[in-house]
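For clarity, chains are labelled A, B, C, D and E in written order, and residue numbers in each chain start from 1.
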């Protein structure tokens, strides 16, 4: 542990420290605004320290964490996402009874877990990051535990996440017993089939079992079943967190771990990924087809989107990592925006996530509805939005690796997907029923913080959709290190 | 043992049992790690086991707290009672 | 630069209209009209300046967009594009005029959508970068979707979704084909480029070329629409508001044909030759099938929609006849079909505004009380049936003539479309304007905006029908510039 | 002076456009002035042109007035030009002059109609289109006129649009002729593709030089053009539309469905006679069609009740004669008969119109009678016109023209006794039904009240046409009756001269003329016996009569073969069978959605099973692959 | 030594089996403790005394006590099995067992393709300690974060539960639900018999 190590770790340290500070501040005096502000400040400080950390990277900090450009990039993304979630959560929690402050603390911890995951280069750090994330999420999902649905979602998530952790651990153990190393980089060499490091059947079995754990977090078919229930039950900011930070960090890890093994093609694991990708795209979109709860709908759509991501992931070649990263970024921006808008709209005690609640939204809140439409269109991959470019890159990556089957599944399923996005759009723009007595969505001003973060997200959505060149360069730079 | 835990998890509907089964699975994984570490004569397996124990503790504490809450809503502790969200 | 302005004016006017619509209901339409007139003036100016014979493009604009993938913001104008842009602006004005009074609900957003569709269409006609083309191609869809889904008739949502899904799945296939083409190009040339000119030189294995051509054709055939992929069209046309139908029939369908002319023919000459018999057969089937279905319809707008299927069959036929006469006929047909069908949709909209029905059985004997509207209607019905002296005839005749040189049998079969075309045209006239006025309908005759629409459209059709030479001169260089092998190989 | 030619179509066209736009707001006088005046001026212009043409024939006896290039695409650059030669000059004069008379007549006939301006707009448009058809230097221009007259025919048949039957008749006329037009269009494609031009003169030259006689291409081209001609001229098998077309106002019937438009087919064949000469098989078919049609239509005319339908079938029959002449290679004879027919058939229709108008639009002959004294003008018109139609020897124009055809049917290039016999039989029938009409309408007891009598605007055209019907025949008399073949000579510069091949001792001009005269007398006597002496008060009711009256059942036949299957197909497929494919796809998707949704049970144990199943599957994959 | 290893392994497996099949929650817990003890012996045999001790202290000691505490608090020791009666119908366990067997077969097949000799090298607690605060120091820190998260979560969820317990209103709700037989619960129970 040298000073440079600490510098490299500074964002993580600052983040964890913030979590503790928030906890202590709660102990001293409960104040919602203060907690949120503290959390924001901590995130900002952590974000600022990225630059500092960049001065000493790339750097392997002990055996567990690898801090390089890729890590820092994802750290930045995760921290920014967390900040946006804080802003959204503030306006959401304002309207909830009960204690609000712990949310920030847990959220920061979850983010820290995500950071660890991204940086991990060792099974132990992988596992610990995984668990920090999970354990925080248990509580976050069931945060509004006086209501039935969040609690139910929490229980489900807990049981399943723990089970999946067990699978992950068992897989790790198998792999470890096969290879004798817990360094991911060493394992990657095994996958590549280095001459003196062929992987035996047990090693593959271990990998597959680990995939169960990872696949669970990513919610890809067939490990997706929990997704809708948890999305629906969890409070909106938590849902946003699950959809962005949790998935984003796990995927970043997966990308780093398997990418060096560019020649995975043809191995059982590669086939497993292909199957997961195809099945996720199809099943996710098909499941969402007639869903009437917007949160569940987005949950199913997230399954499909993970499938699209997998396409880029499966594709080898220089484009793959870049495409996956771009897509992931576009996706998290979009989905965070979507959940953010929902959380702004559903600022009552009850969440209003039924499709019917959104009927005629455009005529009441045109700006929010327009933003929501933009998010939906981005999810559907329509030009002008980041989602389109993301899909474009994914297709480019897939095409350059000649993954025809996957590409056709992608085309078919995104057409199916379009159907339900359009369903939502239709509802947003359809006329209000005549006997519209109950105003589902309260009018009123959008809180400044949430409004700001939404505006930023929408702007990013269009900037990344229209002028991707700088971001693309950045991604190319950071992915060069791992490719 | 891992698989017995899994089977139990899938079979038993009582949440307490479910949690126990998860513990069994985690424990089995820990056992596997220690065995693997022992195979290579390395200390890493045991370290991992320690982390697993820590995780199991955190998990159980949160889990049991949730079970308490769940019991308030569904006096049966039947995990299938929590199927309000589906479809 | 002027090319960018053509698009930018529309986009800005759309935004302005949306904003202005919140304060004043009349402002959006005035803004839209002004923008379109300005654009039309610009286009006429471009036309007046003449097409430079020296270079391939008479106007060009190229900015780097995504350098990593060789994507450029590359707009270019040739005669073909100019003709279609003129048509775009013209029909745009008509569409705005047609919905002058009919839009009560959120006129700002309505005109925003209209402007953006037109901007997308304009972009499609100008783009020579494949990516940019796709970008505009998709850009057209969303506002069109809104136009149908918000301001349409009863089954608008079904229609809008169907329209969107059909187009989307086919466009994605095209996107894949584009990407593959670019990647193949990169493998041989060593750099990424989405530019049409660069890609023209890509050597392709025959089977790969075929697959790629099919990918492109999928999108264009659905948009056109070619025979088995046409079923979105009646729904979309019938349910769209008048302006939507006009733009849909007049412009969006043309983008499909344009795409074939601009991309498929030059990029995949050999595959096109192999595909020609198949596509021409489909075209003939479409001509006859569309006409029979048009005859069968009881809904005025659906009927007109199916006539589009039939007419666009001629376009497809001409494209794959692969000779200069047919290709020029295709362009003439595109323009005149845009005008005549657009006018019929305006007419249907006008009737619907009065009768609140699109059903033929609610009509009949309208001549009695609205002789002017009926007379105008008859004019366009006859244009649609291919009456010589009007635009459609010139197009159809040249297409058939060109086709005859390629395959006499198909041409003769397609000529049967003239008979079936007469069948539906006569039925349309019979059920609406003529016959006894059983419903004793008594409605006001053509209003000022309807007259302002009808007169220029009639003049244009007559002009194209009697003296299409300026039009043909404009598109001639573009046709000649298509690689000779694609056009002449069959002769 | 010849350059004034463009005025002939332009004047009516201008008037038509003006009337269409402003007609409803103009006073009636102005409408009449524009409508009739424009045609009158066109007639004057044509006469000036004719005078100039005759006094100072242009080189080659043909004059071309190019206007502009219609469309140019590659080698395809049809000129929009006018072409004047003796044949088209004849047509031009007949069309403008007869047209003028009929327009004049219409000012009175259509007096009370609300669509007065509309009527004249259509009529003017018709004249313009017809002139374009006649004068077009290019087959494409001709085609444009061809379609234009079809359109006007449609508009005028359906002029009284409130009656659905009229609209149906109009549709039928348009559609049936459209079938022929399509064949014509395909013929154009073929000609252009093979010969590289559509200019009529060039086309004829190239055909002559490039195609050997009897070549397949020539046959195909001629057959396709014949298709067009058959449709327009209401010959077998596309004759069914004409009788129904009588639904239009009577002046329309006179102008379009008797004098001018229906003879366009004859004109077309005459124009492109080179092709037909190159395709003798087709030419023979033309003759056979002509002969068959003339007999069939004459039989039908015999049993009609409706006065206009009699005349309609008579028209079909007379055009049959023209086709017969064309088929025989007697080109100028056909044109001669066209001219005289234009006069006397217009006269008959106009006279019939006068009768009909006087009787409150009563058209059933069996409800007329004894009108001889009430309507003397109409009576004498009928007598003169009818005699010309029936071929009253020596006195009437119809005798000379028909005689020429009959003579040629035997003596001509392709003549045979069978054609001759057909022609004679037709002449007998013609005479019979003509006088049947005259006796039924003008003799016997009066059965209806004459409400109004024709005025000057009706009488004057009738008078002029009476004169023409009598004297036009002297333009071209056979050798034994004066021997002044002016018309034939005049047309000879364009059309091949008549040839007399089968001249023998029995087969002479004189015998034919005598036979024809006898046949005329026989027909007249029969009619006199049947309809004057034994006044038949009811139409024949035999099965054969019904069959004939229904136009030999062609309507029913076509209805079963074409119309019903088409309508059935359309109705069965109204919802578009192709769409069900996509609907099925959509349902499949929905179904799989339902299936998948059942996996989301909400039970945590099942979800955990998902994890286990997934792992099992992937482990199986590993097992299988390793 | 090998005999001890296999005997204790067998004990562990049997005890686990009993755990998951036992009706009474307390009994099940006791079987689980037996199983954990057996595993501890295994650890010891494998040369990991430190871990074996931890297994006893933390697992069998701390965690199981938590379980017992909750079970007793919820007062469900005796009749917990009632709702789980149908667990013993074949259709309830056949599916999961089959699945588990398939997995077992697959893992066994895959693992058995290689030899897995135990090295039998003993690793002292000191070595473990050194590793923990050497290369794994970040891991330890992270584990502390993990525990913090667990602590916070349990605190948040649990604390509110207690406060609510005290509210009369809350008790009323619970009682009324118990009396009327919450439709959701009964429906869930009814369906679950088909679910497996």
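One rule holds in what follows: a contact is a pair of C-beta atoms (placed from the backbone, for glycine too) under 8 Å apart; a residue touches a chain by one contact, two chains touch by 3 or more.
What you are looking at is a predicted structure, and each value in this text was computed from that prediction instead of being measured.
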item	value
Subunit D reached from subunit A - shortest hop count over touching chains	1
Centroid comparison with subunit E (C-alpha atoms), farthest chain	D
Comparison of A-B and A-C by number of C-beta pairs in contact, larger one	A-B
Central chain of the complex, centres being mean CA coordinates	C
Centre distance in Å when subunit D and subunit E are each reduced to the mean of their C-alpha atoms	99
Averaged-CA centre spacing for the pair subunit E and subunit C, given as whole angstrom	68
Length of the line joining the C-alpha centres of subunit B and subunit C, rounded to whole Å	63
Chain centre separation (subunit A, subunit E; CA means) in Å	29
Set of subunit E residues in contact with two or more other chains	95-96, 99-100, 103, 106-107, 109-110, 113, 116, 136, 139, 143, 146, 149-150, 153-154, 157, 160-161, 164, 192, 195-196
Contacts with 2+ other chains: residues of subunit B	5-6, 9-11, 13, 18-19, 35, 37, 39-40, 42, 44-45, 47, 51, 55, 58-59, 62, 66-67, 69, 79-80, 82-87
Residue ranges of subunit C in contact with subunit A within the complex	64-69, 105-106, 109, 131, 134-135, 138-139, 141-142, 145-146, 149-150, 157, 160-161, 164-165, 168-169, 172-173, 175-176, 179-180, 182-183
Of subunit A, residues touching subunit D in the complex	155-156, 159-160, 163-164, 167, 201, 204-205, 208-209, 211-212, 215-216, 221-226, 228-229, 267-268, 271-272, 275, 283, 286-287, 289-290, 416
Subunit D partner contacts - residues on subunit C that touch it in the complex	162, 227-228, 230-231, 234, 289, 292-293, 295-298, 323-325, 328-329, 332, 365, 367-368, 371, 375, 382, 387-389, 393-394, 397-398, 400-401, 404-405, 408, 411-412, 415-416, 418-419, 422-423, 426-427, 430, 433-437, 466-469, 472, 476
Interface residues, subunit B side, partner subunit E - complex	1, 3-8, 10-14, 16-17, 19-21, 23-24, 27, 31, 34-35, 37-47, 49-51, 53-62, 64-69, 71-72, 74-78, 80-84
Subunit B residues within the subunit A interface of the complex	2, 5-6, 9, 15, 18-19, 22, 25-26, 28-30, 32-33, 35-37, 39-40, 42, 44-45, 47-48, 51-52, 55, 58-59, 62-63, 66-67, 69-70, 73, 79, 82, 84-87
